[in-house]
Amino acid sequence: MSEHVNDLPEATEHRLEELEHGLFTSDLSVNEFLLVKEAGFHPVGLVMGSSIYHTGIQTRKWSQSQELTKLTEAMYNARELAMTRMEEEAAELGADGVVGVRLDVNYYEWGKDAAEFIAVGTAVKAEDGVSRRNKLGKPFTSDLSGQDFWTLSQTGYAPQGLVMGTCVYHIAHRGLGQTLSSTGQNVELPNFTQALYEARELAMTRMQDESTRLGASGVVGVRLEEKSHQWGSHTIEFLALGTAVTKTAEAVTLTKPMTIISLDN
Amino acid sequence: MTGPNPSTNIDVAALVRETLSAHTSNVSSASTTSDLSIDEELNLHAIGWEPVQLVSGYSVFSTPLGLWSWGQGEIVAAGEAHASAFRNAASRLCGEASAAGAHGVVGVHIERSIYSTHTEVSMIGTAVRPIGAGRVEPTRVFASDLSARDFSRLIIAGWEPLGLAVGASFVYAPRRSMGAVFQQQTQNVELTNYTEAIYSARELAMDRMQRSAINLHGSGVVEVKIVEGPMTFASHAVGFAAWGTVVRLAGATHRLLHPTMVVSLDDAEVLFDAANLE
Amino acid sequence: MTAHPESADVTPSSFTSGLSVADFAACLAMGLEPVGLVQGFCAMQSSNYAVGAMQRGLSPYQGQSGYVENYQCPHGMVAGEHRMWGQNYEQTWIEQTWSQGFASAYARMLEEATHLGAVGVVGVVDTQSALVGAGVIEFHLRGTAVRLAGSSATSATPWTTYLAGQRLVKVFEAGFAPVSVVASVASVRVWAYCITEYLMGGSGVSAWSSSPSSTEIDQIVRAHTQSRAIVRATAQSQLRGDKLQGVQLTVAQHEYERGDLEVQAMLRGNRVRRFRDYEALPAPQPTVRLS
């Protein structure tokens, strides 16, 4: 299984070898573990990938709203690297997918423009032996919890991959003359509205493109995050994240939840 | 889980389709506003009650400057300000409820802020009544900080809420003599002046709460909340406040609920919320 | 000003949804198919120093409309800094900024939803945040547009709701149809006159009475009571006989400087229309969780 070429460090290879012999590790809670089993999967190991990335510098025009493509690329590539390394670990374990993926960014004292991008999740494998890998032949990834993973399987959809799109955008400072309109009226500022639309649409569209590449029929659980990282308040990263899903052939009947009153607090 | 649920045979999809196509008909005529969730509204309806209006009450009382920084024993004016602000906020809340034709206010969200120069109390809740019932006197309107869900359960079990009981007391902890401070600097000792002050505040506050419950002819106070400790803005004052909902058995006997035991596979109480989008 | 719905490249079989998996599952059970995440934005200039606030302290604000209340000092000339008059007034321009910003963002979200042929928008989230420093406030609304499974696009205006998942199922089951999300803001400015100022500073009581006691501060009570009444009336005026459920009412008090306060009340809720009477609901089963 471990014959194909990859760039994983030796210690990682060793750690994964132990996992291939039946031991599993997982950061799932007991409830999540039981629900992953309920969905017909078995956890095979905690997998992770990380990348410490130096983000370049890009000059911003004071009074112009624009995308900072260099920073966008850096943010995207760094996450992509961390994700790919995590996927490689999962592939190494013969997993069909990774659930509960968390993407984090850490900043270190020593590098002003350096940041660590981490992806951590639990690799799972279908118990019926049928491959559940995605269209690209890779293990699927998803940020779904064990509970969500089971619920999704009940709806007849299967995860294909964690998809993301990002856009780092510089929002123009206002010139002196524009600081306050003198009429005493509070008015809409169309330039700002337009800039916000553009930045978020770019992030969303990029996320959808990823989903299309996976041949997915949709994206669920989309989250929109806005972060200024360490760039100051006018430069904002707009990040869209979600799990791409496809409809499986299996017919489903959704059971109606029953009404209960909990007497617990 | 136990036996079949009657609701399982409702075809939700067909219901939604029907609802969305028959959009024009509007059965009710009066606009109502409530801060109840749909779950709570259904719970209320199940016991034959309905939400009427979102109501609020607010009061702020001024306390003399310097009140907190010297003296001995109880800081009477501070306790009075707390009691008056609470009473006025509650009576305005019940006044709004009465004007809207309600019999009580449930899920009252109480916010208290105590500053060195003023004490404020804010209450927001949903006025409710038995479906279609007529108006009652403002003095007969009850307020309760129990959620609509808990209120319904209480009613099902044969109890009724009567109002809010509150008690608060603020006590000045005597300063220790310079000699004592100096002697105790390197030792582990109990600061008896503070312990005694908090005990005395507690006894006074709890007694006031109990007395207000008795005045409402209640047989108990449930979900009592307690806030106690030193006042942040005054180094030698401690405070103790307690409040809760006064209840009494409405019928002859308590009715048992006979709950079913379930095992939940959720990790958190509320896992799914649209607010996660943020 | 046009939005850029990403719908151009969305084929009927591909969708995005901001719903959690559980809410997604509940949507499918209701026969509602998510068709896309829809959004609307509006960036508004937001200044406190418009109109009336400019002349703060010089002469009373003459409101064109809205709540205004004047307080006259009972003492006569005492000293230069003695506040001989005070006012509570509704800051209508702030309420207008807010309703205009919210309405524009809402309309743009609906535009995207209409473009996708949606029948409604579920799981709406609205945020207002200060953008790039002071003076600009951004209104952002988003939600998941849904369509009735197997039917063609409708021409009717999509309904909207903050709810999704099982809570929305229950709204339908209880005999309601969602109409729209409703949000409103009320802002009352308080310019304290001498008595309020003394009372806020704790000196009024001891100054006018011999034994220390507490006194209610009427002007502040009025400001709070009015802001809450206004915000509810504004919301109520949009209901036209419908019900507002799941209301959140929050009140914040901000002190700009001594004796200069703003009381802001904000309200959010789901406007729903009753289309049939309550039916007997399945009796819920009381449970205790074995953890």
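When the chains are written out, they are named A, B and C in that same order, and each has its own residue count from 1.
One rule holds for everything that comes next: a residue touches a chain if its C-beta (ideal position, glycine included) is under 8 Å from a C-beta of that chain, and two chains touch if they have at least 3 such contacts.
Small disclaimer: the values here were computed from a predicted structure and weren't measured.
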Worksheet item: Going by C-alpha centres, which chain is most central here?
Response: C
Practice prompt. Name the chain whose C-alpha centroid is farthest from the C-alpha centroid of subunit C.
Written response: A
Discussion item. As a quick test, compute the distance in whole Å between the mean CA positions of subunit A and subunit B.
Written reply: 42
Practice prompt. Indicate the whole-number Å distance between the mean C-alpha point of subunit A and the mean C-alpha point of subunit C.
Written response: 32
Discussion item. Centroid of subunit B to centroid of subunit C, CA atoms only: how many Å?
Written reply: 24
Worksheet item: So which bits of subunit B are touching at least two other chains?
Response: 5, 7, 10, 12, 43, 153, 257, 259-260, 262, 271, 276-278
Worksheet entry | Residues within subunit A bordering two or more other chains | 147, 222-224, 256, 258-263
Worksheet item: Where in subunit C do residues touch two or more other chains at once?
Response: 18-22, 29, 142, 281-282, 284-289
Discussion item. With touch defined as at the start, can you tell me which subunit C residues reach subunit B in the complex?
Written reply: 18-23, 29-32, 119-120, 122-125, 127, 142-143, 148-149, 156, 162-165, 167, 169-177, 199-206, 212-217, 220-221, 224-225, 228, 232, 235-236, 239-249, 251, 269, 273-278, 281-291
Worksheet entry | Contact set on subunit B toward subunit C in their complex | 2, 5-7, 10, 12-17, 19-20, 22-23, 25-39, 41-43, 45-46, 54, 56, 58-67, 76-78, 80-81, 84-85, 88, 92, 116-120, 122, 124, 153, 257-264, 271-278
Worksheet item: Which residues of subunit B touch subunit A in their complex?
Response: 1, 5, 7-8, 10, 12, 43, 149, 153, 257, 259-260, 262, 265-267, 271, 276-278
Worksheet item: Which residues of subunit A touch subunit B in the complex?
Response: 29, 31-32, 34-35, 145, 147, 222-224, 255-256, 258-263
Item to complete: Within their complex, state which residues of subunit C touch subunit A.
Response: 1, 3-4, 6, 9-10, 13-22, 24-25, 28-29, 34, 37, 39, 41-47, 50-51, 54, 93-94, 96-97, 100-101, 104, 131-133, 135-136, 138, 140, 142, 166, 281-282, 284-289
